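The structures considered in this document are given below.
Next, two complexes with chain A in common: one pairs it with chain B, the other with chain C.
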Partner chain A sequence: MDTIKQIEQLILQNKVDIFLGYKDLDGHLIPHGFTKENLDELKDLQISDNRYSLEKVATHLTEKNPDIKIGIIARDCNKRALNLLYTWNQLNPENIETIDVNCCPSPLKSHSDCSYLEPRQSGEFKKENGVDYNIEPEAFMGKFDNNERLTRWMYEFNKCIKCYGCRNICPVCFCKECSLEHPNLVEPGTLPVEVPIFHLIRAAHMAGRCIDCGLCEEACPAHIPLRLLYREVNEIVSNVFDYKPGCSDEKSPFSVLGGDVVLEPKPMDFKYKEKNNGL
Partner chain B sequence: MTVKRIAFVQELLKFIGLEGRLHLEWISSAEAQKFVEVVTNFTEKIRAMGPNPLGIETVANGAMKYGHN
Partner chain C sequence: MDCKFVPSVCSYCGCGCGVLFEVIDGKINSTIPLKSHPVNHGQLCIKGWNLHEYINSFMRLKTPLIKENGSFQRATWDEAIGHTASEFKRIKKEFGPDSIGVLVSAKITNEENYLAQKFTRAVIGTNNVDHCARL
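After this line comes the complex of A and B, so read on.
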């Protein structure tokens, strides 16, 4: 396959130290780092509609070694995430090489490698009592009054099992300290989680940051329509602050980070590297 | 910036169904009269809206039509 040749070249020419893609392991595609040492693994590299936040792996690698050169499979959502991580200084664009893969569907293409082409379907009970995955924020606002909106969101939020999957999968969650683990905001070690505050904290943090990849919604075992919620917060940021994350070279003007808040992003400086060399 | 941040939170609360329960006003320490007016109006507004719906069990459980607990 052409793409695999391209990746092989990148690795052989030392343009990247590691290439992040998906490897076929007993029929399951898992995220994998391909390197020069294990070049024969490239035959197992597969490009499909499987998605994982490879950018997150890239930020973790960069934390440990800021100079590492990383190649990465990129769809549109990956590129938006990378762009956002560049603006927040979590990754250096000079150290990242992307290999573009098919994304949007078109009759001109043989296929597309993206799962969000088939949106998750809501069941009858969810449509009746909760929030439909596929409703547009505007339609949701128009259809239900204040009280019904609250009841419906509470139905969704109450299902939360506090697995932190939405945060863990999120390619743009990179805070050194996570508010969702701050004992003053979220009581540690107890279930059920306090709603709606848990989800509102995350929603506020996603404002101006969420790049609408939809991985959180895919990951959520409780089927909470998180993407819809974060879409709405981004819409508000777009209306109030005129900012669209992932498409801009600048940081969001609305941010719960920055200022004298302790939730600063992880630094990529030398000191940090030294400190973590032992790991 | 504050006015925009508050606008953000107001819109977020509106989306999940807690509209009208957050208010921002600039009042100087010399404007006692204005302070009284704003606080009185807001108190009356909230009283008319009733208690926090999150305190009502069926709402907090997200159970509206079927009443499952």
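After this line comes the complex of A and C, so read on.
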């Protein structure tokens, strides 16, 4: 396979120190870091239709070693996430090399090679009382009035088990301090979670950030249509600022509003410094 | 720098959700759900998401402790098991086998559960064996 040769070349020519791809392990396609030391494992490399947040792994690696050169199997969603991480200084584009593969269906692209190939279907009860996964934001807004929409979203939010999975899996969630862990906003250790504030905090923070990869929706054990929620939020950002997260190397409008930096990004070389200064 | 993903099973409850440990340079860095696992299909609860935290916790017990004179003392496994066995013997002799109860778990395997009830009935000699799901 050409992709494997390409990756082998990248590793052998020292263009990347580690290549993040997928390999088959007892029938499970799982992410794996290919390096010079385990080059023979490269033959097991697969283009998985399971999607994992490889760019999040890249940020973890970069936190430990800011100079590491990383190669990544990239679908469109991975590339949008990488673009966004570049603009927020979480990754250095000079240290990232991508090998492009087919991606999930989106309004922009119909061909797909991932778990979104068959979008999740909503059951009858969900369609009747909640929010259909596959409804378009405009259709949803047009079909129901304010009260109806609130009731439907509240039905969805009330199912939340506060697992923080949406935040944990999100490739563009990198803040040092998370509002969802702030005791004044979200009371720690209590269930059920306060609705709709919990979900609205996250939705507000996804404005100008969410790259519409849908990983949060896949990871949600309560089947809340998060992708649709963040799509609606991003629609506003797109209308007001003409900004589409991850589609260009433009900075988010929220990174330049006001004099203070509201979201302090994690210092990339924190652990590196800690190790070298012996602090 | 080395980065690999190790599949495992969540160690908290009896569901047995599939997890992947993100291991960087031999140290577990985070936990993510295993998407192809038949039990959880790439979803986890909050305990599963934080599975890696106790592994590297400085508060984690690495040796057995025996309480002597009101405080815990480090012990070897042989000492701890020996101590437990002798205490079982003493209590059984003094108060009878029904003074001991065994609680098994959904988290351990069928075989371990079988062994535990066998141990309770045949070695200790009581029917006081129950399951954590009925706690």
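In this section, the second predicted complex is superposed on the first by the 250 of 279 C-alpha atoms of A that agree within 3 Å, B and C clash if a C-alpha of one lies under 4 Å from a C-alpha of the other, contacts with A are read in each partner's own complex, and residues count from 1 in each chain.
Just so it is clear, a contact is a pair of C-beta atoms (placed from the backbone, for glycine too) under 8 Å apart; a residue touches a chain by one contact, two chains touch by 3 or more.
In this text, all values refer to a predicted model and were calculated from it rather than measured experimentally.
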item	value
Partner chain(s) touched by A:67 [first = chain B, second = chain C, both, neither]	neither
Which superposed partner A:163 touches (first chain B, second chain C, both, neither)	second
Which superposed partner A:177 touches (first chain B, second chain C, both, neither)	neither
Touched partner set for A:232, first chain B, second chain C, both or neither	first
Which of chain B and chain C A:28 touches, first, second, both or neither	second
First, second, both or neither for A:100, with chain B first and chain C second	neither
Touching partner for A:137 - first (chain B), second (chain C), both, neither	first
Partner chain(s) touched by A:57 [first = chain B, second = chain C, both, neither]	second
Chain A to chain C touching residues, read off their complex	17-18, 20, 25-33, 35, 37, 50-53, 57, 60-61, 64-65, 68, 115, 161-165, 168-169, 218-221
Chain C residues touching chain A - in the complex, by the definition given at the top	1-5, 7, 18, 20, 22, 24-25, 29-30, 32-37, 40, 42-46, 48-49
Chain B-facing residues of chain A, complex	128-130, 137, 140-141, 144, 146-158, 195-196, 200, 203-204, 207, 229, 232-233, 236-237, 239-241, 253-254
Footprint of chain A on chain B - complex, ascending	4-5, 7-9, 11-12, 14-20, 53-54, 58-66
